[in-house]
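One structure is given here, and the rest of the page talks about it.
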Amino acid sequence: MDFALSDEHRMLQDTLRGLLARHQGDDLWPALAEAGVIGALLTEDEGGFDGSGSAIALTFEELGRAGASMPLVAAMIGASALATAGQGDLAAEVAEGSARVAFADAEPGTRYDRGVAISVDGDRLTGRKTMVAGAEDARAIIVTTADALWLVDAKAEGLTLNAYPLMEGGRGADLTFADTPATRLGALDDFGAALSRGILGHSAFALGGIIAASDLTLDYLKTRKQFGRAILEFQALAHRIADLAVEVEQARSAVTNLSGHLTAEPAIRDRHVQACKATVGRVARLVAEESVQLHGGIGMTEEYALAGMIRRLLAADTAMGDADYHLERFANGEPAWA
Amino acid sequence: MDFALSDEHRMLQDTLRGLLARHQGDDLWPALAEAGVIGALLTEDEGGFDGSGSAIALTFEELGRAGASMPLVAAMIGASALATAGQGDLAAEVAEGSARVAFADAEPGTRYDRGVAISVDGDRLTGRKTMVAGAEDARAIIVTTADALWLVDAKAEGLTLNAYPLMEGGRGADLTFADTPATRLGALDDFGAALSRGILGHSAFALGGIIAASDLTLDYLKTRKQFGRAILEFQALAHRIADLAVEVEQARSAVTNLSGHLTAEPAIRDRHVQACKATVGRVARLVAEESVQLHGGIGMTEEYALAGMIRRLLAADTAMGDADYHLERFANGEPAWA
Amino acid sequence: MDMRFTPDELAFAAEVREFLASELDPALAEKNRLHQSLTKAEMEGWHAKLHAKGWLAGNWPREFGGAGWTAIQRHIFEEESAKAHAPRIVPFGIAMLGPVLQKFGSKEQQDYWLPRILNGDDWWCQGYSEPGAGSDLAGLRCRAERQGDHYVVNGQKTWTTLGQHANMIFCLVRTSTEGKKQEGISFLLIDMDTPGVTVRPIVLLDGTAEVNEVFFDDVKVPVENLVGEENKGWTYAKYLLTHERTNIAGVGFATAALDNLKRVAKAQIHRGKPLDQDPLFAAQIATTEIELMAMSTTNLRMLSVAAQGQAPGVESSMLKIKGTQIRQQLDALTRRAYGGWAQALPMETGNQGQPLDADDVLSATANYLNNRKLSIYGGSNEIQRGIIAGTLAKG
Amino acid sequence: MDMRFTPDELAFAAEVREFLASELDPALAEKNRLHQSLTKAEMEGWHAKLHAKGWLAGNWPREFGGAGWTAIQRHIFEEESAKAHAPRIVPFGIAMLGPVLQKFGSKEQQDYWLPRILNGDDWWCQGYSEPGAGSDLAGLRCRAERQGDHYVVNGQKTWTTLGQHANMIFCLVRTSTEGKKQEGISFLLIDMDTPGVTVRPIVLLDGTAEVNEVFFDDVKVPVENLVGEENKGWTYAKYLLTHERTNIAGVGFATAALDNLKRVAKAQIHRGKPLDQDPLFAAQIATTEIELMAMSTTNLRMLSVAAQGQAPGVESSMLKIKGTQIRQQLDALTRRAYGGWAQALPMETGNQGQPLDADDVLSATANYLNNRKLSIYGGSNEIQRGIIAGTLAKG
């Protein structure tokens, strides 16, 4: 048993930290692509060179720590799904960064059901998807329906896009489909591997944010003085930050578990998918709420770094099924993708 | 709106406090009967003289504070049910204390279902009931089955009794029925009033215990010294006792709500039955666990007064459906008795 | 014991509902239901309607132009207003400054300022907190130096809610650094149009800008604007904190939030059925509803004690804690009911687009974030726990 | 990163399972599964079987007759033993005193006492806590006065687990009242057959009597029974607390408890179906199982660090907290799974009757009550939070 990073992954981590210190916003994506970070998220079959749980987990944890908001999870799911479905050319372009794809999963009017707001007629889609991150920049959209995965060209007829800022910091869009032509990539459960990696991506991103927010809160408790002393010296607050520290370790272990079981047989992998998202989602919300409370008023202001962290933590819980959603499926012994 | 006790009820409270200071164990029942306390729990139709929610709540709260363990709830349910079913003579004997009845509700092998371990064939019962408080002293037993209430003579043929100590301090028994003759009193939901008063009794008893345990814990925190000061001065513990105090008020209000809605129309009464038992059960367990933890080791010893309180709190949550049971029915919008 | 309202109280509740039905503009109620920021004119308009009815200052005695309501009547008014999504009465003049002036102000101050509050001539805001003095309010540093017939004020206040609309601010200022820190504080009324006053908005994490920083740079304040005695301001501030807390539990707001949550859970689809049929989600709603049922009665118990003239004690701290827990839980459930749909936030600035048909969703997210403040301001829940424990230690 | 056990570790796990299958008496395992108190002979018998295999002292180096296992091997042994419901190795001699003697004892002490622990010649118990010194362990008062070649011990110890079986006790005693309270403590080995030693059982709220008070009244202890130096005992006690905590997380016990809970929930009927199909109860089981999955990996992460020779730091406090929370939650759910059936308690004393066919139910209730101790003893969870916060404050 060895939980340490391999030499390659330590190098990847160093690269990421360097890039994230130098690049932000729109600049970041090309820089990551150029440095091969997208490739590190994908296997050779998918146009990349790694694709291991460990590479995915460390990459998204670093992005989460830095608060980099960008639909890299969509690129990873997209390239993997495209490769699985025999669309290797587009996958390769995504892997090298010359094309972007978006992942349209959430729907209005439902928590996490698929196929409520969108319907299929032959090879055409009609209805709406919402909160599609990075849709404005995508060449193609990977779309979920009740039981299948579809590929839709961004310029397809009958597809309209309405964009807006997302809570996590980037931009997303509502996509309205009106008898829009689409290519069926396959049944949803053929893509369990790709989708599970999406869960790992969101979870590790949340883990990075959890660590960043709890570190920031600890720093604040050490520095902020009230009643003549640092507020970390107030035992009630000290015990709460200690409890948070315990939960942060739980989140880290949950990510480690999924990362280590990403290629296990589907039944085992799915239990870890659900356990990971349930744990990380729960801890993300807890850390978000406790961080604001322990800060007091300053923690609610947009100027202070915590605000963005809070929103990213909530968004990461919400993406692809929140803690309650995955807990319910785990409790029922259901598969993650069906 | 007036939440104060009436003069009559203040007198009842004084009487009870006096009796409970002087009498314990086997002596207590005759003393209570003689002082008219059983009658105060029942309406005139039932052979008593009050039977209001307020009288029931204050009586059982006092019993709970004093830690008096005795199946007075069974007497109240029993007399009320008997009167409703036209068995006024036995009801009157119960009301005046010359006869006792037990209430057989729980069954082995199930959380709170009825009719799992016991079945009906004509006017005969076969199967088992468990944890029947006061069965050894009862002249007759009120028995629940899947959808009805039955009266069984304590000397009926085919009825065997196996007695043992209950967690709450008194004694209970397993009752085994083998083609035992029984009198059907009516359908379960005909006795909603009687059964709801049972919930109020158990809840108010728990409230008394909640208050006693949290008072004892507060006293301990004030007196016990560690690291050179009273442990109540440790802020982390002070905040936890403050949180307990908030929950104690929630439990009191839940009891007040049921007490004030005991004679409301069944749909409204049942919501308060469920809300009351769910709240009091949750707070009872919380106070039990926190009291032990805040005490430390001494709180786990049989010699110390807390031990009995803890067991009574757990028992009160468990009786006639615990917090989870009633929460689930409240959430489903189901009636309390069906 | 009798849990019923009296016939008079029931009649009053009916009158309030009737008033709300006829006077409250549905568009304004809808805006309020969605927790969208109201304009200054909208708030002033609602105040004017209440003032015309004589209901603007329910907590004031009749001699000062108030309605002279009992604690129960105020509770009924607040609960009915919240359920109807009426705008909340801006509290700074009516609920906060008014009672202080009535108790500690001079006759001249009462005669001049109180009618202006009722008429809407002044919009007041509150200058208590400072960047270095949050929970430790008495640690404030903003200082006022007496120079002839003026005080000269220098320093900063923060968390000044709706200060962008205000022309007047009542401030706690330091007039002495001798003795205990509570002893050198004075209560000063400051015209915000005086040279040297600067207001800067603070954007919160939900994108709204309803609170502000207020800076004072050699601001001259006439000595007649001192309330009560110099260095006794802490007494007046504490009076406010302990006596004007009838609505601290927020039962009306919680009831409205619960209704809204149930409506959302009935509409949102989960596993092919309405979300309110999901056992886990239904249990979470039920848990919170049951908490609210109990807390609501704790609130009434306390009001009924207050109605008999006894000052509320530690109960108001308990209601603050439980009340905010319930409201925050309701807000959290409402946001989560929307699931994957709740990943955007409305932005008050800029025209950057907005999701389709999602006003309610955006409102749920913003409201969840915004109401994290409930357990922080007005004495954080940690401060309230300290107050409760302190009382228990003495008792 | 590689989460798999090595082939050697897998082979070792198989060997442990094989040993348990052949050597563990099923009746003893069943008694243990039901958390019934084992007799002294039963515990000694199990120790003897382990000693014959060379596995009694997994944590001791081979030079002292131990198995010299790695942290991972010890974890495997503990987890497999717990899952098979094997008796827990009584920790006082093997896990606690042994390492202290090995590190701080004299050659003579090591040669004399260590083999006796392995052979079962001595049954050790622990004399740390006192009535006035619980969480504040260093505040202990039981004093030892040097008189010639003896110490004379007076005072009281409490919470002495299984002290009723013991013939020896290792004690922290006060040998000086000068300087800081930690500085006047010594570590003494006391023969319990010495005149002046009295053992009194403490009955706990679950009716068991596994802990004791031990009184010392002018008890003479030879000076050669002092371990290490006089007044340095605190150092040795702390060594124990920080270094012998491989099983602090209790993963094996939690796994066994989870298996048992699932078995109970499959058998108990709720609303006409097995309880494990109830969405609310299933969600509570799942929540705890998910917590255990994560905690188990936290434990392995820590072991893998320990295996590389780094001393565990604040992680053992974290594992203590989360480990006890999980076990107490599992115990609570198991009791509650029985619902109305769980209203009796087994009584160890007296023949007052017992419900029919209810061994598992009684065990669930008693175990829930008994395991409230998990978050109190060995440094309460509040003490652990203080340790974590203290480390965070420095970091």
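We just call them A, B, C and D in the order they show up, numbering each chain from 1.
Keep in mind that, in the parts below, a residue touches a chain if its C-beta (ideal position, glycine included) is under 8 Å from a C-beta of that chain, and two chains touch if they have at least 3 such contacts.
Computed from a predicted model, the values in this text were never measured in an experiment.
Asks: Higher C-beta contact count, B-D or B-C?
Replies: The greater number of contacts lies at B-D.
Asks: Looking at C-alpha means, what's the farthest chain from chain A?
Replies: B
Asks: Between chain A and chain C, what's the gap in Å when you average each chain's C-alpha atoms?
Replies: About 38 Å separates the centre of chain A from that of chain C.
Asks: Compute the distance, rounded to whole Å, between the mean C-alpha positions of chain A and chain D.
Replies: Each chain reduced to its C-alpha mean, chain A and chain D end up 42 Å apart.
Asks: Going through chain A residue by residue, note those that touch at least 2 other chains and give them in order.
Replies: Chain A, residues with two or more chain partners: 234-236, 238-239, 327-328.
Asks: Please set out, as single numbers or ranges, the residues of chain D touching at least two other chains.
Replies: Correct list: 279-280, 283, 382, 385.
Asks: Which positions of chain D touch chain B when the two form their complex?
Replies: Against chain B, the touching part of chain D is residues 129, 132, 134-136, 139, 158-159, 202-205, 207, 267-272, 275, 278, 280-281, 328, 332, 335-345, 347, 352-358, 361, 365, 369, 372-373, 375-377, 380-382, 385.
Asks: In the complex formed with chain A, which residues of chain B make contact?
Replies: It comes out as residues 234-236, 238-239.
Asks: Of all residues in chain D, which touch chain C in the complex?
Replies: Those in contact with chain C are residues 279-280, 283.
Asks: Tell me, which parts of chain B touch chain D in their complex?
Replies: So the residues of chain B touching chain D come out as 105-113, 116, 128, 130-131, 162-168, 171-172, 174, 176, 225-227, 234, 236-237, 285, 289, 292-293, 296-297, 300-303, 306-307, 310-311, 314-315, 318-322, 324-325, 327-328.
Asks: Taking the touch rule as given, give the residues of chain B at its contact with chain C in the complex, in rising order.
Replies: 1-6, 9, 53-54, 218, 222, 232, 235, 238-239, 241-243, 245-246, 249-254, 256-257, 259-261, 272, 274-275, 278-279, 327-328, 330-332
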